[in-house]
Structures are given as C-alpha cells and as structure tokens.
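Shown below is the structure under consideration.
Every chain is named by a letter (A, B, C and D) in the order it is written, and numbering of its residues begins at 1.
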Amino acid sequence: MEKKYYKSLEELRIAPDEFQNGEMLGDKKSLLLMEQELKQSTGPNRRDFLKLFGFTVASAAVAASCEQPVRKAIPFLIQPEEVTPGKANYYASTFYDGNDYCSILVKVRDGRPIKIEGNTLSAVTGGGTSARTQASVLDLYDNARYREPLNQGQETSWEQIDAEIMNKLGEISGRGGRIVLLSPTLISPSTKAAVDLFKNRYPGTELVQYDTTSASAILKANELSFGKAFIPAYHFDKADVIIGFDADFLGTWLSPVEFTKQYVSKRKLHEGNKAMSRHIHFESGMSLTGSNADKRIVIKPSQQKAYVAQLLLALSGSAAENPEIIKIAEELSTAKGRSLVVSNSQDAETQLMINAINELLGNYGNTLLTDVHLKVRQADDAAMTKLTEEMAQGVVDGIILYDVNPSYDFPDREKWVAGLEKTSLKITFNSVKSETSETANYVCPDHHYLESWNDFEVKTGHYSLAQPAIRHIFNTRQAQESLLKWAGSEKDFRTFIQEYWQQNIYQTDLTGFVSFWNKCVHDGVYVSEKKETPVPALDISAASAIASTNSVIVADDSYQLDLYYNVSVGSGKHANNPWLQELPDPVTKICWDNYAAISQKLADEMGLEDESLITINKLGPFPVVIQPGQESRTVSVALGYGREKGGKSAVGVGVNAYPLMGFAHGSRQLQTIGASIEKVNGKFRLARTQTHHSMEGRQIVRETTLAAYLDNPKSGNEIRDEIKKHLKTIYPKKEYAGLHWGMAIDLNSCIGCNACIVACSAENNVPVVGKEQVLMAREMHWIRIDRYYTGDPENPELIRQPVMCQHCDNAPCENVCPVAATTHSDEGINQMAYNRCIGTRYCNNNCPYKVRRFNFFDYTNADALPGNLYDTEEMTVDLRKLVLNPDVTTRAKGVIEKCSFCIQRIQDKKLKAKIENRPLADGEVITACAQACPSQAIVFGNLNDKESKVSLMFADERNYHVLEELHVLPSVGYLTKVKNTNV
Amino acid sequence: MYVSPIREPLIKGNKDYSQVTRDIMAPMAGKPSKYWYMGMALAGAAALMGAWASYETVFNGIGTWGLNKTIGWAWDITNFVWWVGIGHAGTFISAILLLFRQKWRTSINRSAEAMTLIAIACAGFFPLIHMGRLLLGFFIFPYPNTRDLWVNFNSPLLWDVFAITTYFLVSLVFWYVGLIPDIGTVRDKAKNKIRKAIYGFLSFGWTGSARHWSRHETISLVLAGLAAPLVLSVHTIVSFDFATSVIPGWHTTIFPPYFVSGAIFSGFAMVLTLLIVARKALNLEDYITINHIESMNKIIILTGSIVGIAYLTEFFIAWYSGVEYEQYAFFNRAFGPYAWAYWIMMTCNVITPQLFWFKKIRTSLIATFIISIFVNIGMWFERFVIVVTSLHRDYLPSSWSMYKPTLVEVGLYIGTLGLFFTLFLLFIRIFPVIAIAEVKSVLKSSGEHQKHAHHE
Amino acid sequence: MSKFISAYYHDEEDLIKGVRQIRNQGIEPADVRTPFPVHGLDKAMGMKRSRLTRVAFAGGAIGGLIGFFFQAWVFTVAYPINFGGKPFFAVPSFMPVTFEMTVLFAAFSMVIAFFIHNKLGPGAKTIIYDEQVTDDRFQILIEADDLDEPEQQRIEKALKEAGAQGIQLTS
Amino acid sequence: MDNNTFILSKKVINISLIMIAIGLISLAYGYFGGLGAGRIAANILMNTFYFLGIALIGLFFVAVHAIAESGWQVSVQRIGEAMSRFIPVGGILLLALFSLGGLSSLYEWTHTEHLDAILLKKVGYLNVPFFMIRFFIYFAGWIILAWLIRKTSLKLDVDGDKFYFNRLRTVSAIFIVFYAVTSVTSSFDWLMSIDAHWFSTLYGWYVFSSMLASGTAVIIILLYVLKRMGYMTHVNAEHVHDLGKYLFGFSIFWAYLWFSQYMLIWYANIPEETVYFYTRLKYFNTIFFLNLVLNLAVPLLVLMTRNSKRMFAVLLPVSVVVFIGHWIDMYQIVMPGVVGKEAGIGLLEIGLTVGYAGLFILVFFHSLSKAPLVPKNHPYFKESIEYHTNY
C-alpha cells in the first residue's frame, strides 16, 4: 500500500501547472528526494514513519496552500497563506453519512485532518458530536478505500471510465431504458440539483432513496395526518414530560446529537436550575435512552401498539385499564404543550396514534414543529422493495449506487442480489469496498467527506457546508462531480454549489454574495428564515378509530425479536473503523461483536448462560448475553455487524442480523413477533470491558431523587460531610500558586454516548488493541464509562460514571514510581514521562481508580526492538498513521500511560495567552472529552479561580470525589445523579 | 568450655580433627556420582526453559504474561518474594544463631548461606524481568545524567534495589570470609598442582595464624551483628512494596515483622528440603544429625506460629477496622474466586507445621521432608494470595478482573528453580558444604566421643 | 627469607599450656597456627583485642551520612519534585536507603581492613610451613634467624618440656 | 554459696512502703485536687499495664530460655520468676480500676448511648461483658501458668530431675503460645480501644516490644541491686554482657516496630489511620520525639561497644533511661486518647509511678525470699557458672 501511497503523491508531480512559482518547485524537488529515500527503505519502522511524517508535513503544506480546492477554503481561525507546519488549522465542515448529521470543525495539522470537533455555531448540533462523528476522521485513512476508478475490477483512468459510462448511459436512455440512482436520503440541495441535471441528460432516470435506518412509518403517518410525508422538528428542550416508545433518541434515533443537547438542557440541576424534565420510556431491550429514563417500562414489541392506543384513549377521555398508562396520562395532561411523545414504531398506524396523542396534548407548534422539517430521513421503504421487485424482473437497465450497500443491509438479500445480476449497467460511487460495490462493473470512487465540497439542509432553513480539509489522497472523484460530468457539465462541484447558493439560498443584502459565501464557508453553517408551507390541523378521528380496535394488551408467549442499531458501528457502514469496533456498548460494555441479549428468565428456560450460542430463525449462531431489564421473551440483536467485504476490522466481526428484518405495513420492521430460537452447542467469547456489574454497596456513584434533592441539596451525598471531617493529614497539603487544573462531571448530564472515549483516543493517539487483548482486560482507553446496575434485575436502574485519571494531589501512584516517571506538576496535574518509564506497573497497582494503562505489547510500532509489533487492526500502516496527533507521543511497549488532562491542549492555550500577554480565560482550555460531549457533562478549568465554572461546580452541594475518604485529594469531582422518579 | 551432659552431641561418631576434614571434603573428591549428573541435566533443562521464557518476555513484551489493566503483578512478584524469603535462612542461621550462640548452626550454616546467595540471585531476576522496559532498567540507579534527574527515594521498589544489593553483597562477603580457612584446608589437601594453585588463589593465602583467627572471629561477629538487622531489613523493605500502598490487603502495618518471620519460615523449610537430601547423598549424617533437623523444626514451629497469628490479626483487624474495603478484601480472600489459594496457604503454613509439636514427627526425616515441601508450597501461595487476590478486586468494582498465568510465566518460575539447583549442585562440588573449622571448634565440647571422654 | 623453629601439638589444650609455658620463659612465639580458632589462645599469647570494630563503626557512620544527605540533597536542593504531595524533606522515606548504606559501608570497610591488616588477599604469597596445620596440627613458630646455638637449644628444650612434638628448623 | 537465700530486710520493706505511701498520697492529691477522673484513671491504667507488662516479661524471660534450652540464664532465672509474682497484683489493680468506673472514663466505646457509625460496627467486640470475659481469661491463664512454671522450677531445683526439666519446657511452651495471643489481644483491649476509631495490625507486637525492652531493663536494675546487697556473686560480666545485648537488641527491635508502624501510616496518609499520630504530633510533640531519643538513640549509641555492655557503670544508667523511656512511651500511648491536650506530667503521674514501683519491688523481694536465689541443681547450672564468652 506504500506504493499506492506514493501514487497519490505522483499526483503532486504530474500536475506541474499546480506549482506556480519557483518556491513551490523547490518544495517539489525536496518532495521528490524524500520520495526516493522512501522507495528505498523497506518495511515500516520508526525512522520511516518520521520520514513519512516529515514528508506528509511538506506535501500537505504544499497541497494545502496551493492545491485548487483548498485555496478557496476559508480556514476557521487563520488565513491559508499562514499554514505553518506544526500549527493546526480548523476548517468548518459537515459530517453526514446518510444517517447521522453533525456540523463540525476539522482540525488540520500539517495538511492532515487529525481530529473532528463540534461546531459551536451550529443551531442544530451546537458543538456536540457523536462517537461516530469523532471516529469519521479515521475513515479518511481507511485501507479499504478505492484508490483508482475500476472498470470490471481493473484499474483505469477517469477519462476512459467516463467515456465508457457516458455512452452506456446514453445508449440506455436512448432506447428509453430505465436508470436508477439509488442513494440514501439526500439532504444536499446542490446534489439534488446535480441529480436533476443528470435526469435531464438521461431521461428515464429515477432517484430512489433507501435509508438503512428508516423512518418510513413516520413519514407515511404524517402523510396521512397532514397530507405531506415529512418528519417534524422535535424540541425535547421544551418538553417537561417525555414519553418514548422504543425510540432511542439519545443514541441512534433520527438526530441523536441534537436531541441529546435538547434533552440534557432539561436535566441539568446546577447553575441555579431547579426544575427537571420527566422521562418515561417503553421498550423491550435495554437501550441507551431507556437506561437514562426516570422510569422504564418493559413491554413486548407486540404490545407497543396497544399501549399507545390506550394512552390515546386515556387522553381522549375514554377508559383505559392499564394503571401505568392512566398515571402517565395524568402526568401528560398536566403538561399540555410542554410534553412530547415519540415512537420508533415502523407501523404507520401506531405513528398516527402518536400524532393524535401529541395533537391532544397541544404539542404541535411547541415541542413539535410542522413548519420546520427534519430532513435526515425521506426514504419510503416501499420504494426500495418495489425497486427490488422490478430489478428481479429485469426491467431496470442501469443502476447507480451512491453510498448504499443493499447487498449487505437489505433484508431480502437474495432477491436484491439476483436483481442486481440482472441489471446490465452497475455503477457505484462507493469510496470503500463493500458487498455491493464489489459486484459493480464500474467503480467511480467518491471522495471521503473530508476531501469533498458539499452542502446540506438538515432542517428547513438550517444550511451547512462541507469543504475539503485535505486534497483527495487517492485518485478519487466526488460523486456529484461524476454526475455533473456525465450530465455533460464541466463545472467542478464547488462552483456548482456556489452558483446554486447564489440563486436559491442567498438573500440579497448589502455585503454581497462573495462575503456572504465566505462567511458561510467560514462558519460552516447558515440559517435562513425559510419555513415550510403550513399544514392543515390534525384530525384525530382516524387515530381514535385505530386505538379503539387495538387497545387490548395481549401477553402472547411467542418469542419476539427486537433489532436495533448501536452507537458504535450503527448501520454497519463504519464497521471498518477500529475505534468504533473497540468502543464498549454503553449498556453491555461489550465490543468487537454483536450478540443476542436475552432475559434471565429465558436463559433459565433454555438453559443458556452468557456466551452460549443460539440461532434466531435459523440465522446465526449468535452468542448470548443475559441482559438485566430485558423483556422476558424478547431477544435484542444489534444490526451493522457481520460484514463480508470492507476491510480487516469489519469483516467477520459479529453476525449480520439484517436478514432477520421483516417487512410489513409498507415498512421494514425492526421488531418481529414469533421468532424461532434454538440453542446451539458451544460457546463464543465476548470481549467485555467491565465484568462486574454491582457497586457492592459502595458510595461510588451517588444518586438521589428530585424530591429528595429539592428539600436537601446534599441528599445522596450526605456521607461527604462525614468524610471531610476526618480528612486530617500528618504532613502539610501542597498549595498550588497559579493554576490548579480540575474537572467536574455532572452525572445528570452524562448519558453514556461514548463520544468522549473516541475523542480521547483520537486526540491522544490511544492505541486500538483488538478483541483478543480486550478479552484479556487490556483495553487502553484513557477514559471509560463505568456502568452499574441497581435494584430489581427484572427492570434495574442503570447508573453511569465516566472515569479518567483523577489527578490526585496526593497521588498514590506517584509515590511508588522508582524512577520518578510519574510526578505532580505545579499545576496539579499528575503527569507521565513516557520515556522515563521502565514499566514496573507499580503505579497501576497502587491506583485506587485503576485508570492507568500498560502497553503490554508494541501496539503503536514505537518500540526500540523491531519485529515485535502487535497490531491486529492495521492501525500502524503508514496510511492509518496519518491520523496520529503529532503533539502527543506514541507510547512504546512496556510503558504506562494514562489521561493527561490533554496537557498538549493546555500548553497550546497557555502559549497563546502568553503571546497575547493576557491570563488564560476560563473555558479557554477544553479537554478532548469535554469538547466532544454533546451534553456538556464534563467541565474543565482552573480550581484556583473561584469564579471558574469548574470551581462553581465543585462548590455545588452535589459535588463529591470518588474514594475521597482515602485522602488522595482527586482533582476530578462528580455531581450526584438526580432521577426524577418522584411522581 | 563446659557443656551440660544432658545435651545431645552435635557430631556423632568417634571422630578426630583429621577425620572431620576427610569426611567433609569427601564429596569434593573424585568423579561426581551419576545422580549428580542426572540432577545437573534436570536442573539445566529447567534453566533452559527459563531462558526461553525470558526471551519471550523481553522481545514480545509483558503481554506474553497473564496480567491485565487491573492486575499489574502476579507470578513475577510472587516468585520474587518467595525467593527472597528463602534467601533469609542462611544469613539468619549464621548471624542470629551466632549471636545467640546456638552451636548447632555450625553444621548447616555453610550450605544454608550458599543457598541464600543462590536464592537471592534467583529473586533478583524477577524485579528485572518484570520491567516493561528491561533495557532501560538502569534508570533505577541514581547516576548523574544530562537531565539532572535522580530517582524517587520515596519508592519502595528503589529501597528494594538498595536492600537486595546490600544483602547480596554482605551475605557474599560473610560467606566467603567464613569459607577462606576451609579453602585453605582444601588447598593443603589438594594433590595436583592446578587444583592447589586455584584453591591457593581462592584461599587468599590463609595460614591459620592465631592472630588472623582472632581477627577473623572478631569480624565474623561484627558481620553477624550487621547481618542480623540487615536480614530483618530486607524482607521488611520487601513488605513495604505492599504495605506502603493504599490497596486493601496490601496496606497493613503488621507486614514488616510478619514478612520477616514468614521469610525465615520458608527459608528453613527450603534448607531442610535440601539438607535432608544432601546429608544422605553426601553421607554427612554424623554432622547433620537428627538434632539439627529437630532444632530447625522448632524454628519452623515458632516462625510458622508467628505467621499464623499475623494472619489472624490481619483478619480480625480487617473486621475491627469497620472499613468496608478492608472487610471485603479479606472476605474475598477466604471466600472469593481465589479462595482455593487462600486455603492451600492456610493448610500448608498454619496447620501442617503445628504437627512439629509432636517429637515423633519433629524427629522423623520423612515427615520433616514432606512438611518442609508443604511449607515451601504454602509460602508461595501466601505471596500469591497477597499479590493477586488483593489486586483483582480493589476499590472500583468496574475494574475487577481475574488472572490466569501463561506458560511464559510458569517457564520463568521453573527457570529460576533450575538455576537454583544447578548452582547448588556446583557448590557442593567446589566448596566444603560444612564449615570444617567451625565444626572442629565445637568438636571437643559437642562431639559424641569427646563428650564421653570428658565425663569418664 | 627467615628461619623458624617449628613445633606442633595435636590438641589445642596442650597447645595453650605449651604457649603459656614457653612465654613464661621469655620466649615469644613469632606465630601460632591452628586449624580452627582456639578459645583462650589469644589470652595465652597476650594478644590485644582487634580494633577492626572501630573501622566498622567509622565506615558505617560515613555510609549512613552519605546515604542520608545524598537523598536529602536530591530531594530538597538538586531537583525537588512533588511526589504525591509528600514533603520534599521526607525523612521516613530516606531511612531504608540510609540504613542499607550504613550496613554496606560498615561491612566492606571492615572486611577490606581485615585483609589489608593481615596481608591476605587473592593470591597473597604466604608460606605454609606445615600443611597439616589446616587439618589437625597446632603449630608454634619461633624466629630463628639471629639465634646463636645455645639460645636455639634452650628454646628447643623449653618446647620439649612444653610437650611440643616434631621440633625442627624450618625455612 | 552462703548467700544463696535472700533475706527480706526491714530496710527494703520500709523503703517500698514509703514509696507506696507516696503513690497513695499523690493519688489522693489527684482525686481532691480535681485533676479529673479521666486523668486519674489514665494514670492507673498506664502504670498498672506498665508494671504488669514488666512482670509478664519476667515470666517470658524464664519461659523462653527454658524452651530454647540455653544455659547461661539459669543464674538469673529466679529474678524473672520473682518478677512474675506481680501479675496477680496487677490483675487486682486493673480489676479495681475497671469495676470502679474506670471503664467509662477511659473508653468512649462504653458510652453505648452515642456511638457513631464506625463504633457501632465494632460493638460485637467492644462491649463491656465480652471485654470483662476476656479480662478474666487473660489473667486466669497468666496466673495459673506463672504458678506452674514457678512450681516446676522449684521442684527441678530439688534434685535436677530430668522429668521436671522436661515439664518446665512443656509448661513454658504452653505459656509462650498463650501469651503470644493474649499479649496482642490484651493490648488491643486495654490500650488500642482507647482510640476506638483507630486500628493497627502491628499494635500488639509494638506494645510487646516496648514491654520487652523495659522488662529487660528492670531485670538488669534488679540484678544490680541484688549484687549491691551482696547477693548474686556468681553472676559475672559474661551474664551481664548477655543482658546488655538483650537491652541493646530489644531497644532496636522496638525502634524497628515503631518505625514500621509510623512510616507505613505516614506514607499512605489515610485519615482513618493518621488520626492516631495526628493528635500525638500536634499536642504531644516533645513526648513523641523524646520517646525515640530515650528508647532508641541512648541504648543504640551507648551500648554499641562491647565493654559498655559488660560494665554496670554504663549499663545501669542506660537501663534506667530505658525504663523511664518506655514509661514515656506508655504515657503517649494512653494519655492523648483519654486526657487529650490537657494532659501533663505532674505530681500525680510521678508520685503514682513511684508508688507502683514500691509495690512492685515489695512483691518482688518478698517472692525472692521464698526460694534459693540460685537453682543449684538445675542441669545447666554448671554451664551457667563456667559460662564465658570472648565476644
């Protein structure tokens, strides 16, 4: 792959016109020389990495400063002319993978995007990110990416492939044949425009949208209710009572980052806020959202409709027998216009009733907006099913696959594949090898989004732009540009977008379009006044009719199936991302696999235990996990695993559960009734980062209820006064003159989305160790989210606690290091000198929090001894290494590492302040975890500044330190978790 | 010097001085027996396994062991402490028994000291191999460097470096100074030239001059006086490795004295294991008599009981402290996933040695041999229990985990056993296993024949 | 290369008697060689107690002081580092190393002094007049370089009376 | 030997009676002088325990040498035996203290009406009935075994019968085992539970080592007194040398345990443990360090040389210093917990101690006069007399 890597650099060489002046030529020479050296050197070793790194610095500097696309990019902080090696630039851009949307900043260091950060200017995601967003930068350096356009699997040039494709397309449309452009929901106006151009050029072309994680039932329901298929804008931040039916809106449902922000804004209790929303959740398996609910009601998938029906009846005055529902109805009716009821049901009728409920509660116009649409899901499942049928009949002549992978994720794969074979012209834009793209005749690899121009309208009037943060690494071309080219336009997509915006989005103002455009590119986002056309008032009679006929809650004994997407690999598109694969599930703490979550009851019935195997509808075998709070006869399985093509980390991990999906009521069903489950002999080991689930009655995570909190802010945390009384020392406490860094974590805000973990790994070059090592409890994450169950195992409460190095001022670890490799800085930071460490692991043994991590093998290829590399996930190949953060040392074998409070960020900001000759402002230094957090659960700052946010949180009655009684004086504080269970 | 007639003789048989010389030097003469060769072959093989394991560890990393994020020490430090413990008997016998003027030590101190030195060498191996970056191990020495960075004198591991080194050097000197006169004897008995030359060199030119003897006695005594606290300090400092920490089950104030007596306990057990075989193989029954065995067994009871009391105290205080972490740690020892290790330890260390209260068992070679093996095993498990069961479940249940050794770890342990026996077998061929001169000096008072001569 | 009158005994108690006897007659043995330390012989020969213990004390003192003050210097002057909030001048932490240094220096200074004082050492050249001495003989050596005939006979006679055997002139 | 039987002279009796009187007076002063029940109780406790400890060490000395089959100590064995006679007296005094309301003023855990969370966890062990039961077990065991040892030793002295020789060993062994456990638990009960929240596994052995040193010092002092009276003429420098070595060794052993306990607690700096030293360093600073000087520095430096261990001229003063030193140690063990920062060393403290000393020597000399000073027929007697060491 090194060879490939050079090829992309040859690009630099063979385009002399790109180097305007001699200076550049100078650079060019030096590049060539370096390249020669590299060619000679064999095998990757540290030297090479350094060379390569320097090489990248130079090439990227050249690329970034004189390459066509980036010259037009407006950096977030400074002018591009000032791109200086060693200094990071930030470019506003947008992450959208046809599923999740997030407005972001791309940290570009020496021409390499190395980190994704939230864009605080965005009105939608407001600086929050998700684990997937954070991890997406690694996909840029994915080994499974196509590096060349392929014709029947043979490398070819764009000229040739364009010629061939254009005449094939021409031929088809010429004879009135059918061409289908299959894509996920397109929220890019310009792309849609490009597609239209294409359609005009090739009549008989049809755009079919196919959402793997579909919301087609909601769309249909709204079509019935309002005569328009759309998804309204939700406002959890305006809802005092939230009822969720199996909708994992904090984890994976529609727009989780946005919803998390809104949701948490109603859950924070410090900063004088005394009110808190009430969240009741109905579900069958334990989801991220359900685990955060104040009250979680376990139901069978088959019962959801009836529960919704009863709720509707109860609200509309008629009798409902279920006591739970009656209580909830009462609660809701006290919060008219301030409540929100959502469901992920794939049954349009259920969604109709949900609409009716919200209508009855007067939520439309308050917590639900019909004049602002959420556009991330537009696909109608039926369309895809229809397409499959037609293809099977062979009536489709050409198909262009844009960023879709039905050969993997379409339930009826056989039929789809068969149909695909019948289709004569198969073009794919996929940029990464996939089950589908490998069967296409023409592969026209798309750029990675960090190499592309793009625009998005995620919600009505909420626009954002994507701009390249790096010149495309491989010989790829952006899909839109391909479409334009084939449509006969020679425009590059940037110009195209620009023109589109000038005509359609830009409202004439004094400053003129150029400055408008520059501002938009600079900010990455733009909000216009645009609103959707108003919809007629909702008539609930239909819904009521459905309710009255479906209100009986049946307790049938059949096994039921509940498929879900998890926060890491999601639909499976990101399966080749080791960061995501090694991310422990927020509930089960399992990584590197999917599994069948079952209840203890079922396990007992079938004589199953953790890690024993079952088949579901003859599919599998799936390893079993006994999940507290699982509905007794429901089996939950995560989708997105079991990829067959698409890179080392993706293939062969877990089992593909898509074939288990059903199709009913015009949508693909995640939940099916009457599944057949059979035990299979044997066991399968699951990698779990936490194996003990009880807190053993220790006061580690402190909890209370809202009522208790309101009459005593210290409730749940009473013990702290007792502890503080005893905190005597026989040698004086060290004082910290200037800065004293500390971190406060609000357990109320933390929902366990895992974004912080990936952010930390990306920022600090934390190695991926692979399943085998995780099985041996050797994962390297610097920050982990501890998860404990309390209460009734049938339906337990679940509490979480992010734990990283607590930077104790009396750190037991520092005392015992014989070589002074870990010491305390005069800013109160517990620091590690990696190259001084000799790896006695004494510090780790003596750490009460067990947050230190030991490099058991040479994970990062940083060891002095060659040939002993342990890298199961190709994380140390040259391409992947480009994601490393040059500000953070990679650690060698045999060295202890741990959270450093992102010392490199602290130093960076301190330097900045010094240059500008001013004191550091509060909140200026933000650690990677704090920055990634969509709910701002983590606050970092200076404890000596009594006005700083962190100091205020430390002063809060809810604040406590874990194991404070040991007198280790941690610099990390936690705010007691408050649950609104008192109704 | 008068000795009460009711005391058993320390040396049996009708012996005069030259007889003593001949008896003790017999094992060094002639070709080694085939048993010796077999022993060497076995020990050598074991040592080779250790070499392989060391390579695996150094080249591929500590990852080849069974450790994880929670359990940073296991077999490595267990073995380390075990070996250091064994390395306590020799110096204890020569130093403390010398101070208390226990004459019976003269027959066993030489071999016990040799064993000590070898055991310390084996022990020292583990702190080295357990380092993640062995090649940079020299960082632990306080040497001037360009970074002006010294070492952390707060760290018990650093104290270990000083303690173990000092202990090894002083023991070595003590042993060799005691050896010199006997080397002189070997030299003068040597038939061929080369042998004479070599031992002549090693004997430092010993003449047996009365003045030298007098000074020799003085320094022996002072060395004993120095070695006595030293031997206590070594295992004390080893115990600090654990006791200074904040980990429940590690941090307890009784560790220093309890580790020391534990060390002597295991040390004597190993001496017994070796000598019961050696006295037979080298026909030294007249010198290492049942009385010697019995006296050592008494020390085993004593130290064993002290250890037992320490166990109980720990357990009681854990409850008495009212600290939930302490309480859980000890509950977990006795009833947790590693309870089996705990109960092996209890049986071997507390129960079996109590059998020595019966004179019959105390004076039976077979019984003693078996029990001594038990004690060796028990003391190994004591360290395992302390190291692993305390670590695997400490403060935050989220990090609790389990530990399972790998072949590499086992290999390292077997390797040191191999090294131990190889060196010991070499020792019995090269040097007199019993301090000839010292035995002679007590022959008059405690020799069987001579005693009777006295009282007629 | 000096000459000696040498004689030996088979039993240490006879030796002590003998030595006392000849010393009463004003004959100072140049050396007495025995296979093991004979209690009471030093008294009989009128030897003074060895002063090696003082060397040990001095050595120990030096070692201890070096040990302690080096640590103190490193922690408070050379490079004070904050380890887990411990005081820089952490006396309890210094004790173990101080102690070990004391013992190490004491032991080695004394043993080295012992060898120098006795002129012993690796491959030291000494003359063994009777190889049985390291086995079962107790030998008396008396300077015989500048002895005239009668004097020599007087000594040999005295030795004979003192029950010595194998009286002869060795060199 | 003509002076083999000790005659209890009027002089001795009078002196001891006067001392006892002083003790009673100062006690009265303490009572009427309003020094507070706590302080009085504390004084009684520490002195009783201190001299009780010394008595026990006397017995321990006899027993341990019996099982070690060493010969030299036979000549001074009777001193140990005689000391052990104080055990029942100490028992009575302690019982009196506890039954006369001492408990409530000494131990906060006896105030069952207000116990905090931690103390409530300990009620299973720290409750008055169980406390007293243990008290009786300890003393029953000690007194019976002391009596047995004494009896056997006297029997043995009749004609050196091997049977009694072995019996003495057996009884001694039983005592050692019993004492090994009870010495620990008794110090937990009577001393450690004063600071009821605090705990230390080493504590029992620490207290024992302190008693060991003071006990040895007392043996040396009494031996000297006897020699001055013209007894014990057969005891020569060799025996004194060995006692000197003991004093030297035990002082270092005590220091070793002191350091182990202090260093470990200092190092981990966990409040539940540091609380003990916190009060002592804060309010008893001088005492705290004086303790080290008297009990470590003095014996270590003075007794290092051979001769100083052999000459009463040096050994006696050191023994006295150590005797006082460990009294100080006992003081800083008891006072901070009971009396707190108001504690001080005044007439009460000194006078009462004098009184106890008087009582002790009275008991001691009385029992000494009951049997021949030297067990002539002990099998090892000759060894002991002819005993000499050139180092």
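Before moving on, here are some points about what is shown:
Note that in this section a residue touches a chain if its C-beta (ideal position, glycine included) is under 8 Å from a C-beta of that chain, and two chains touch if they have at least 3 such contacts.
None of these values were measured; they are calculated from a predicted model.
Counting C-beta pairs in contact across B-D and across A-D gives the higher total for B-D.
Of all chains present, the one whose mean CA position sits nearest the global mean of protein CA atoms is B.
Distance between chain B and chain D, defined via averaged C-alpha coordinates, is recorded as 34 Å. Between the CA-based centres of chain A and chain D the separation comes to 72 Å, rounded to the whole angstrom. As a whole-number value, the distance joining the C-alpha centres of chain C and chain D reads 41 Å. As a whole-number value, the distance joining the C-alpha centres of chain B and chain C reads 29 Å. Those residues of chain A in touch with two or more other chains are numbered 731, 810, 812, 815, 817, 820, 966. Under the contact definition stated at the top, the residues of chain B that touch 2 or more other chains are 1, 149-152, 154, 156, 158, 217-218, 229, 240, 244-246. Within chain C, the positions touching two or more other chains are listed as 39, 42, 53, 81, 83-84, 86, 93.
Considering their complex, residues 117, 265-272, 274-275, 277-278, 281 of chain D touch chain A. By the touch rule above, chain A contacts chain D in their complex via residues 722, 726-731, 810, 812, 815, 965-967. Listed in rising order, the residues of chain B touching chain D in the complex are 1-7, 99-101, 154, 217-218, 221, 229, 232, 236, 240, 243-246, 251-257, 298, 305-306, 309-310, 313-314, 317, 320-323. The part of chain A that touches chain C in the complex is made up of residues 731-734, 808-815, 817, 820, 823-826, 969. Across the interface of their complex, chain C is touched by residues 259, 262-263, 266-267, 304-306, 390 of chain D.
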